[in-house]
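The following blocks contain the structures, represented as structure tokens.
Below are two complexes that have chain A in common, paired first with chain B and then with chain C.
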Partner chain A sequence: MVEEKENVSANGEQVSKKGAKKAAKAAKKAEQKAESAAAASAGNDGEAGDNAVDHAQGRYGLSEMIQSKDKRSERVFVTVPELVNHVDKGLVWVRGRVHTSRAKGKQCFLILRQQSSTIQCILAVNDIISKQMVKFTGNIPKESIIDIQAKPVSVPNKIESCTEQTVELCVEQVFVISQAKPQLPLQIEDASRPENPDDAEGLNIRVNQDTRLDNRVLDLRTPANQAIFRLEAGVCRLFRDILTEKGFTEIHTPKIISAASEGGANVFTVSYFKDSAYLAQSPQLYKQMAIAADFDKVFTVGAVFRAEDSNTHRHLTEFVGLDLEMAFKYHYHEVLHTIGNTFTAIFKGLRDQYSREIEAVGQQYKVEPFKFLEPPLILQFAEGVAMLRGAGVETGDEEDLSTPNEKLLGRLVKAKYDTDFYILDKFPLAIRPFYTMPDPNNPIYSNSYDMFMRGEEILSGAQRIHDPEYLIERAKHHGIDTTKIAAYIESFRYGCPPHAGGGIGMERVVMLYLGLDNIRKTSMFPRDPKRLTP
Partner chain B sequence: MYELKTLLPQFEIKLPTCMYDLKNVSLTGSPSTGAGISSSSSLIKKIQSLPQQQNASGKSYSSSSATCALDLDILGRQIQQLLKANNGKDTSAVVARQDKVLLQLEDLKAQLGKIRAGLGLCGKTIQHTTGYQNGGLKEVPLEDIVINGHPNFIPYALLALKNAWRDLYTIDIKTFTHSTMADIGPAAREFEQNLAKVPINESLPKINVTLIWKNCEHTEMISSPTMYVPIYGEVNIIRYLGRVGPAEYRYEGSPVCNEIDLVLDICYQLLRCTTHKSQVAMVRLLEKRLQKQQYFGGSQMSVADIGVYSSLIRMPAITDKDLTPALVAWRKRAKLVTKI
Partner chain C sequence: MVEEKENVSANGEQVSKKGAKKAAKAAKKAEQKAESAAAASAGNDGEAGDNAVDHAQGRYGLSEMIQSKDKRSERVFVTVPELVNHVDKGLVWVRGRVHTSRAKGKQCFLILRQQSSTIQCILAVNDIISKQMVKFTGNIPKESIIDIQAKPVSVPNKIESCTEQTVELCVEQVFVISQAKPQLPLQIEDASRPENPDDAEGLNIRVNQDTRLDNRVLDLRTPANQAIFRLEAGVCRLFRDILTEKGFTEIHTPKIISAASEGGANVFTVSYFKDSAYLAQSPQLYKQMAIAADFDKVFTVGAVFRAEDSNTHRHLTEFVGLDLEMAFKYHYHEVLHTIGNTFTAIFKGLRDQYSREIEAVGQQYKVEPFKFLEPPLILQFAEGVAMLRGAGVETGDEEDLSTPNEKLLGRLVKAKYDTDFYILDKFPLAIRPFYTMPDPNNPIYSNSYDMFMRGEEILSGAQRIHDPEYLIERAKHHGIDTTKIAAYIESFRYGCPPHAGGGIGMERVVMLYLGLDNIRKTSMFPRDPKRLTP
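So, the complex of A and B:
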């Protein structure tokens, strides 16, 4: 409107003529649309170009917006995977999305999708179904939600394109519940096409990562994404269940904090009334305070923020942290084994309870299944260095593992022990934070450990110093201003049991478990330095 | 003594400037030893001066005889005299010098001891591990080895060796279950427990073994991830351990080497037999090898016995009925060592 006005004021008649033409066109279009919509919804006799009497009237059309008017409890709905059990048992109702629909003369094939399951539906003109109904069904836009009443029948030949390969539905009624725009920003078929770099002949249409993330709602409908996020939920559930069973208590820690919790690097600043505050980059301090407050074993699941401007495949600025902290009696290996066994239990749970999801992801992204050992393999840092040196890599005794070395070591361990998960114990003291307890037997090393999946670090943990005086000494040694961490030190003044712990990033664990190449694939709405939406 | 004309033209030896004189360690800092040296050097001077004296005093010598200045008799007499004169003094000097040297050695030892203590090494002599045990092979630390085994084909030889070498050599076995195995079954679990029962003696030479229960076809052994040359088959793992193990079980230099290898090969065949009939046929072959001997290949327990014994455990179908009395008796003897 504004534009039109401007045009008119600029140079008179010509544009106004154009405008008029435009308006007329739009009006015509709207008219046509309204007409066709009316025709479709009512199923009126006088349909355009088809004068035959529609004997299927009332069996199809656009359903009015569901506003919870009727309960319609007489309609019994069946999920797609269950349809196998309803073969030849009469009519059932199914709600799903139109995956594809194809009308061909007197027949229409429609693939109905419900989450990751698909089933073929067939409409053919007969004494129940009219020609108009077939045409209508063939024109329903992809991704629209429909209700159908149909008869499940078994088929002689397997339907290769669907997950339900032995059953198809003979449709008797079709109602559109929620219509999708006819033009989709990405095709689900493209988004779910297997990544197969070796196959040169196959269709090579892909949807790139940014398009996917911009239209995440559509992208998430692919079978692989459905599986990824169900599995991710599984990781969280198993983490909670396993630790709860081990006697842990779930706690919730604040995400708005007054001071940087870990070292002080890379925190987001937020305005906090007249002052400013930070977003928590680790719940560690609060976990430790819970230990000092006699909770003995705690874990927390929650958002963690890192203001790191790194655009890599494995960094997010916000992710879900699964953290745990545990008091022990005499040796931090009590904790190390607890964490290691928790991981093994999670992996076993995923292997046994989520095999369908793992398979679904595997169909799109070809990756080897995750391998692990039970009990988990624990190597000393020095042993790892020795293995690297054996492979001809020069690395110092007190040097941190560089990313390539980390990957190489992962490959070496895999070649020797055939495991994708292992623990590296006794890291050099020099490369760990100040609160790490030094090794009593060798001043070079510390009571700290990292855990690796497919050669990438997923957890970093240690025995923390629980003695305030020693903590001050270590902080001074690291050149840290003790006044800034006074609150942290203070929390150990009233007696604190020896404790150790660690934390993992949920997205990273899922990514590495499934062997995916990008952490954005395992974050539903990822946040990175370049993305704040959707 | 006389001077010899050098055959070669005279030349001066020019010492390079980068060299310097070393003080004689054993002689420094002691006046008494200094005296010893000077007394002996004075002796040499005296001897050197002898021919001149003779030339000067002796009139019977012609000028031609001056070139042959050595009159052995006179010289001998003179030396005797000189020795007599210096005798008591010299021997005592030598004794003193020896004492001094001994003292210095003591000093050195004490110093070395201090250095060692400073380095934090233990006072005990260092234990030779594999190098010494390897019979003079070059001393390289043994790689930890990984053995992948299927719970249906339990490598009993590991337990047998562990028991047999109880006092000679430590095989430290850690067991893991690979993710490809959902359950390892009761037999493998019992095997794990039995492995854990054998005490680990840290003072003995040792090899670390990681046993992984895995869904794999062969029992295989991997030592180095970079040089990935797996060793397949339980008997071949026995052979490997036989090489790195204690000298008593190393058979390569033994006269019955071929015999032991043959018996191990029969074990390999035995383990591959699927029917009872073929198994019994293999046992017959073993009987032929054993005959009246105490053990396979002689009167000493060897890796061949370990191989046969652990293979027979995996054959529950082979009972004492299938064995000759000699084999049954052997089995009892072997059981005392292998303790399975």
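So, the complex of A and C:
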């Protein structure tokens, strides 16, 4: 797990010295602001404020809790990116968060944020705006949600600090809809700071990963996180749409199972009424049953559980599996090519439909664009071994790829073929599960494959043995008690077409497509051996 | 749980007398057939068959296991529904299952099935087909997968027993790709038999639900089941596509959680390394956190777990939740209408895109078409109570709807408004969870709603309390220990827009849309207190 070196936190966590001072100061200031805001608001409600007459009374304050008392359907809201089309057309309503707010004398500059979009708002004391209103607005705690009524106007000079650089809002009303605690456990601007900033100020306060995850509701508000999870939704949508287009049917497979699907290791136990059960480590058996049940081509998207005590950058105990299984006529390459083409289509879809999100992530994390070939590169396992040996690595013909070798091979492939995605076909039989179909042409290999993104495995798959007698033979060869997998074997006794498939780790695909360094960045609420919250 | 009265089974289960005799006879015959097939095949391999010379040798037999030895890319396969376009154009290859096969003298009639499509195939002894080949083909066990090469030809009279009624196949080659056990635990024709057949032969052999579920791989091959699960995939696709179109983002929420999300009851416990954890009963907290994290409108499709010991027609311990949550401006009806319109769009999508599947289900189960209004009917809870009272039911103003009252109200609504879908708004506050927003205009009601299909609840939802202090007040009112939900409350402390949402039981929607009588019919591998397999 890679962690940033410095972090800032207002709730007593370890922080860098500079960060700590700054955080404490910010917290103190924020508290004072909140108190003032409340006081100003009280003034607005007709009680004694700090000045006697307030000509802006009724145009600002704390809104009462929205409880659906009335529909106020006359108020039409405009989104921040749409505001550019409303310049000089009169007043509009906008709801957003206070990104920053700063009152200076008779003026208040506020940056309003809506998801990843920001716009500058201005209040200046005049016949509409009072001194009290400016003060109130300057004191609204960051991250509070406000409704403002304002006139969108053009600005002569680009506003570099906002996404909307040509428009600003001249505010006439401002109401707090949901007030944030003045003291935030992390600052959005710290959590959004680029990893390799060009300025060498030395004030690179960053938020460490645990602080982020402990306060995920705040952390997810950064532009990079907003983009990551929108792109992640895109990966799922593209996966499903592409396969549906190819004639696949979506299925749903049970997560609670009576027997550990892939051996007893690494499986979570569930108490099931008076009995116990397990959490499925993969939907494989059920996908195969769907094939035996004539669904021909199926996919499923759902939670997959691994009770592995692995605390690495790429392991989670619960993740989303993008699984598919497909009957074929004569050769599992019919399936291999289908999966390969599906990846190509996903990569193209992301590149073409999510360029804004990719750019937003790139503003925080420095990443090379993802390269792929069309059709995808397919290498034999033996070729991969030869490339590694050519690079001085000693590895056996039937030896699995270690993580360092996997990554090295990824670099060698990138250097030679200029692709971040490739398929490695024909893995040694000895290192694959018992249900993998052996290669009929060479006994040391099997009809199995892995697929890689930036040198890390993101799919593992194979032709499965569809003949029950041969399956028993192979299970016995692996020393497996066939009585324990009787139901699995039984599924193939009533006619089953040859089939192959694979399982994809969704979070890994997003992490590696974007070139991120930790899978916790691509799981909205990650689960690992040490984290079960939030 | 409604069970059919009779069933047939070849593996020793309770069967009706007539069914038992028939089954035993069928099993015996099937075994003999299989033996003969093996013998015939042996003859094909060059050993002594029952006749000396076989001029069809090499054109039939048991294929060796398909292990991807070669690609045979010259063989182009045609699907059964496409065959009508290949009439009188020469030989084609088709892969399918032996639905039935019957050799009679010098002819063999075989019905080939591909998913829900069937076509008649004929072999007659001639200069291509031998007596041995006819016998072999007649003896292939039902449900075996075969490759045939044949000429599609038109037939003068409609073939009533097949879905392809104008074409038949004149077979020239036939190879068994995957041989089924001759003795099937259930017959596809029995499992496919209409529930209310018009003929009064009295031979209504049916398969009971447990036999079906125990042998789900076979049971799922019936035309009704093929249709049900394709339509189910459609429900999910429509739900996602419609919401994506409306600007929702798909999220994924953890299933393993550290604290029981909705109280401690009915929750499954998981052992989590040295600790214990729970299986989420709903994604609600996480959906709400996504709203607080600025995702604005989110949905999630995933497994939901309920440790309820309820053995009814509509309860499962694991089901698929279609959940959504949405920020709104002033009134939760903004969300209510979005959900209502989503249902309307799903119903229209099913009606327009899945008419074939609906028809296929209708051929086995008698069901009235699903009626809905556009826009959907919205009734107040109090109106529902008044309708029930008008029908002579005694029920209190703040009393929840019992299941019989729910169903009765569904019938009353259908009679009055001619709709199978309606929304009941403004449930009494007292019977909803603590996080439900009270109605600001009437203290006995709340901003909450249920939605119903054919008189059964398929969605429950509400405006949630987004103000942390008010949430604490309401939790205390319900006698809830607020320290146990501190993390939940904390999510609302950094600014959260007002929001509402709901959770839909996917299997219930499919069951009730199709008018089926048991939720186990719409869960591919159902889980209930007594069933954890397959």
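Throughout what follows, the second predicted complex is superposed on the first by the 478 of 534 C-alpha atoms of A that agree within 3 Å, B and C clash if a C-alpha of one lies under 4 Å from a C-alpha of the other, contacts with A are read in each partner's own complex, and residues count from 1 in each chain.
Operating definition for what follows: a residue touches a chain if its C-beta (ideal position, glycine included) is under 8 Å from a C-beta of that chain, and two chains touch if they have at least 3 such contacts.
Given the structure is predicted, the values throughout are model-derived calculations rather than measurements.
Of the two partner chains placed by superposition, only chain C is touched by A:65; chain B is not.
Contacts of A:371 after superposition: chain B is touched, whereas chain C is not reached. Set against each other, chain B and chain C touch different numbers of residues in chain A, with C touching more.
Residue contacts after overlaying the shared chain place A:331 against chain C, while chain B stays out of touching range.
Contacts of A:351 after superposition on the shared chain: chain B is touched, whereas chain C is not.
Contacts of A:412 after superposition: chain B is touched, whereas chain C is not reached. In the superposed model, A:92 lies in contact with neither chain B nor chain C. Within the superposed three-chain model, A:295 lies in touch with chain C and out of touch with chain B [touch as defined at top].
Note for the complex: chain C touches chain A at residues 65-72, 75, 77, 95, 97, 115, 143-145, 177-181, 184, 216-221, 225-226, 229-230, 232-233, 236-237, 240, 244, 249-258, 268-273, 275, 277, 279, 286, 289-290, 292-296, 301-303, 305, 307, 309, 317-318, 320, 329-333, 437-438, 440-441, 447, 463, 466-467, 470, 487, 491-498, 506, 523-525, 527, 529, 532-534. Across the complex, chain A meets chain B through its residues 347-348, 351-352, 369-375, 377, 387, 390-392, 411-413, 415-419.
Those residues of chain B lying in contact with chain A across their complex are 146, 148, 176-180, 182, 210, 212, 214, 222, 224-226, 228.
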